[in-house]
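Each in structure tokens, the structures are laid out below.
In what follows, chain A forms one complex with chain B and a second complex with chain C.
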Partner chain A sequence: MTQPFLSVRNLSVSFGANGEAKVVNGVSFDLEAGKTLCLVGESGSGKSVTATSLMGLHPAKTTRITADRMELDGIDLLSCDEARFAELRGTKMAMIFQDPMSSLNPALTIGFQLREAVFLHENLSRADQDARVLEVLQRVRIPDPERRMTSYPHELSGGMRQRVMIAMALICRPKLLIADEPTTALDVTVQAQILWLLGELQREFGTAIIFITHDLGVVAEIGDDVAVMYAGSLVEKGSVFDIFDRASHGYTAGLLSATAEFHPGQTASKRLVEIPGSLPQFSNLPQGCNFADRCAFAAPSCLDRTPDWREVAPGHVTSCDQPVGAFDAPKKETAR
Partner chain B sequence: MSRDMVMQTRDLVRHFPIGGKQKVHAVNGVSMEIAAGETLALVGESGCGKSSFARLIMGLDRPDSGSARLLGQELTQLRGAGLHAHRKAVQMIFQDPTSSLDPRWTAEAIVREPLDNYKVGTPDERRARVLDLLDRVGLGAHYAERYPHEMSGGQRQRLGIARALALEPRLLVADEPVSALDVSIRAQVLNLLCDLRDEMNLSLLFISHDIGVVSHVSDRVAVMYLGRVIETGKTFDVLNNPKHPYTSGLLEAVPRPHPSQRRERAPLDGDPPSPIHLPQGCAFRDRCPVAMEVCGRFTPALKPDAEGRIVACHHANPVKPELEPTHV
Partner chain C sequence: MNSFVFKRLLSVVPVVLVVLVTVFLLLHIGPGDPAAMIAGENATREQIEEIRQRLMLDRPLLEQLWLYLGNVASLNFGESVYSGFPVMSLILQRVEPTAILAIYTMVLSILISIPMGVWAAWRAGTTLDRALVIASVIGFSVPVFVIGYALVEIFALRLRWFPVQGYKSLADGFLACIRSLTLPAITLAFLFSALVARIARATMLEVLSEDYIRTARAKGARNRRVLIVHALKNIGVPVVTVIGTSFAALLGGVVITESVFNIPGMGRLTVDAILTRDYPVVQGVLISFSFVLIAINLLVDLSYALFDPRVRQ
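Let's look at the complex of A and B:
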């Protein structure tokens, strides 16, 4: 069997001098070239920390990263030092963030920042740099790109800024793109444009994408595989159809039923299904299953026993002791 | 219309000067109504003027022209004491519960502040009312002594709701009230908001990007584009049978809830025009798949079409050149 393009086994991340705060706990997944893995879960569940660990973006002094394996295209990321990571970012991998304004320098033109991104990694003449920048701006469908190269970030709309960020991430044709909630701050029309664009670029360049989001609608739209995180751990992983049709962890089922969806032709019910309670503190994780006290399906034993990983179907795994029969997503209309 | 209108605006305009004689045309003649107990959802692309409109009817900003009546009172004529009283009847919930709550105050102090401000009842009565409000939003009495940072995002947003309801407003303006919350907590807060609305017969102006949420909570929808309302009507009608091409594009862009329903076409392309240099004619025409020559000449008026649906589009309401005034 060939090695997957990206392979992560048992990744844990803790912060603090003595590793007091373990915020990612034993995360494992694989990703093939040209595929999209969606990473979903509650705010604070460790999605961004997982991603930034892969990118080598944590200062080594205050962060402890351990894993059994962390490999990208045959490169052992665990043995990379900061210089090697800096080289990989922009050539092999790139990341886009939720807020493009904080990642763009407000005092420099778009063209300057994009040229800098090319120049950092490739030795091109000024004319070739400009040509590459123009090409990539056209690729992300910035209208009037020659003029936009001389614009400053604040002169662009939010959607255009995010397209510039994508252009910057793509300029060196990375093999792995990590997109951390790139559309959360945008409205649905701009979001749809960005998702469509990412899909096109992926088909063209065979990029593997890790897409971090809260939004299950976005997952349904673009995901090949889905990994669900809760309180620092993966709780369920499978194909997008496994997750939407056969969710077998109580948290996944809760997320699916709590989402307010618009169904054409149907009168929406007034009440939404709730997941009671809130995410536990990392410093004070409950005994047994982390989600048990909020779970609509919990048995008494869930409160005592840490659940095992189970494969409920090929490629579909869950850390739940009661997955049998897969949860029928609770009815949308159920009252409190 | 015989129902009591809690809010009614006519041709409300707000242009922000930005130096060099230039202006951001944020609100370009908005006419809108909300009846007692009704929930109106306001949707539209980022930057189309939703929050600017909300600030106008909150009395936090003044329009350049047009009228806004709240509970029968002309807002633009209110000053001093009148404005103070108005602000009591119209309350707001903000998108980000963290930045809108004073971190140095306890939950009790936060909810009590508006009651103190308006000198409602005796201090003992105020305290009892605060505890009652906290209870109604699902925060028990033991939360009274907590500070915002000792609460989760959902609890903070419920605290914001308790504060907004303290003065028993008639109209609640909620600007993206749940978009900063996790999916799991969003449903808790939305259900609570709808319960309280029904119990207190509140009117609600609900600003949101999330069409799923809008379909659940609102009675009517108004769709804005570049500072104007371009379509309005019953939520079910607008979402299931949109009349304006922009509304169709917006609905097209909503992610499908299941992976088997992925779209096969690219969504609505392009960007809205600059709000600094308003285009002549219909603001949507550059992106419109069915734009006609006339769309570049006349701005379509918002009015009922043959079916009685209210829409600003030359397709719905064809121009009769001999009847139209020649100015735009």
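Let's look at the complex of A and C:
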């Protein structure tokens, strides 16, 4: 069997000088070239930390990263030092962030910031750099790119800035793009445009994408595979169809029933079903299944023993001792 | 851009007027007869009358103000009551050491404080960072004259690297002049660089936690590049602001430092004029200091456009 493009095994990340806060705990996943993996979970579930660990963006002094394997395109990321990471960032992997308002440097022109992404990694003349910048600005559909190169970030709208961020990330054609909630800060119509653009660029460049989001609507739109995280651990992993049609972990089921839906012809509005309770403290994780005390399907044994991974279908795994089987939402019982 | 500069320049006009009127009224808001105050305790009635005539204090207040503004506009600050010399020429005689001392202190402080502050922020939380924070607290807590005398004791009396006191003017050669002002400049730089270094460190810490710093690292920029290209320009506005506003404190320090090192500058002129109740000189000195501060503030405002493109509209 050939090695997958990106392979992560048993990744754990802790913060603090003595590793007090273990915010990511034993996460494993693979990603094939050109595919999209969606990391899903609520705020604080460890999805961003997982992704930024791949980029080596955590301060080395206060972060402890351990894993059995963390390989990107044959490169062992665990053995990379800061200098090696700096070479990989931009060329092998790139990242776009949640808030395009604050992610661009307000004191530097768009053109400078894009050009920098080129000349950090490639030895090109100034004219060639400019040509590359213009080309990529056209690719992300920025109108009037020549003029935009001399603009400052505050002169652009949020959607335009996110396009600039995407252009900056993709200018050296990295094989992996990590998108950390790139559409959360944008309004809905712009969201759709950005997602469409990402999909188009992915098909053209063959980029693999790790897409971090808590918006299941976005997952359905662009995901190939989905990994659901809860309290720093993976709880369920499978294809987008597995997750949406046959969710088997109580948390995934809860997330799905907490999603707003609208069907044409629907008259009465359905009450959204929330998941009761909140995330446990990282320093004080419960015994047994992390999610047990919030789970609608929990059995008494769930509170005592840590659940095993089980494969409910080929490629669809869940960390649950009471898999929900076919997705059976608890909405009927709780709806008033 | 041009309209930004124009608006800033325009905003200076009312400030200048307020300063001039305040300085003019200085003589009149105090209790008693200004002519008698200037003449001193042992003056005869004739002497007081003579001063009143000479300074035109017998005219109506508004007319006096009008005459005063007219004189100032033609750079005529009147004559010293004490020595009889024109105030303008007294100021011109004394401005050189003070101007050189202030510029020397500024350059020295900026060269020390900004690298120190930036470096402390980069190494935040380490022992070196803490040592720097403590040093800066000491720097602006210890009075100027204590630092001054300590430096004289070490570098002038024991090591004999610099003169104990006195001033060599530029006419005696640039190096001699700089040498005579080095200890005073270091003395003042303690205070000034402590202030600037603290602000530089604090704003740098803030900037380093910004999202765009993470973006710069995510595209593969190395640490030093992130610091110099992406962060430094963004601490410009707060740092220049504190340099500008603490310039007033620097001028205050100049007065004391000139006494400690026996430098015949504007500070000494001010102190002497106040002690001898030489009102025209006090007024002239006040106006000069005020105009320098107004000019510095204007430069600070204009420099914002250099660091922050959002200001330029």
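The criterion applied here is as follows: the second predicted complex is superposed on the first by the 326 of 336 C-alpha atoms of A that agree within 3 Å, B and C clash if a C-alpha of one lies under 4 Å from a C-alpha of the other, contacts with A are read in each partner's own complex, and residues count from 1 in each chain.
Note that contacts are C-beta pairs under 8 Å (C-beta built on N, C-alpha and C of every residue); 3 or more make two chains touch, one makes a residue touch a chain.
The structure presented is a predicted model; accordingly, all values stated were derived computationally and were not measured.
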item	value
Simultaneous placement of chain C and chain B on chain A, clash or fit	fit
Touched partner set for A:D187, first chain B, second chain C, both or neither	first
Contacts of A:D215 with chain B and chain C, given as first, second, both or neither	first
Contacts of A:S102 with chain B and chain C, given as first, second, both or neither	second
Partner, of chain C and chain B, that touches more residues belonging to chain A	B
Vertex chain A angle, Cα centres of chain C and chain B, expressed to the nearest 10 degrees	70
Chain B versus chain C as contact partner of A:A227, first or second or both or neither	neither
Chain B versus chain C as contact partner of A:L77, first or second or both or neither	neither
Which of chain B and chain C A:C302 touches, first, second, both or neither	neither
First (chain B), second (chain C), both or neither touched by A:L57	second
Closest Cα approach, chain C to chain B, once both complexes are overlaid on chain A (Å)	8
In the complex with chain C, residue positions of chain A that touch it	55, 57, 82-83, 86-91, 94-95, 97, 99, 102-108, 116-117, 120-121, 152, 154, 165, 168-169
Complex contact set, residues of chain B against chain A	44-47, 152-155, 182-188, 190-191, 194, 209-217, 236, 239-240, 249-263, 266-272
List of chain C residues in touch with chain A within their complex	210-212, 214-223, 225, 229-230, 233-234, 236, 307-310
In the complex with chain B, residue positions of chain A that touch it	42-43, 141, 143, 157-160, 186-193, 195-196, 214-221, 223, 240-241, 244, 254-255, 258-265, 267-276, 278-279, 294, 336
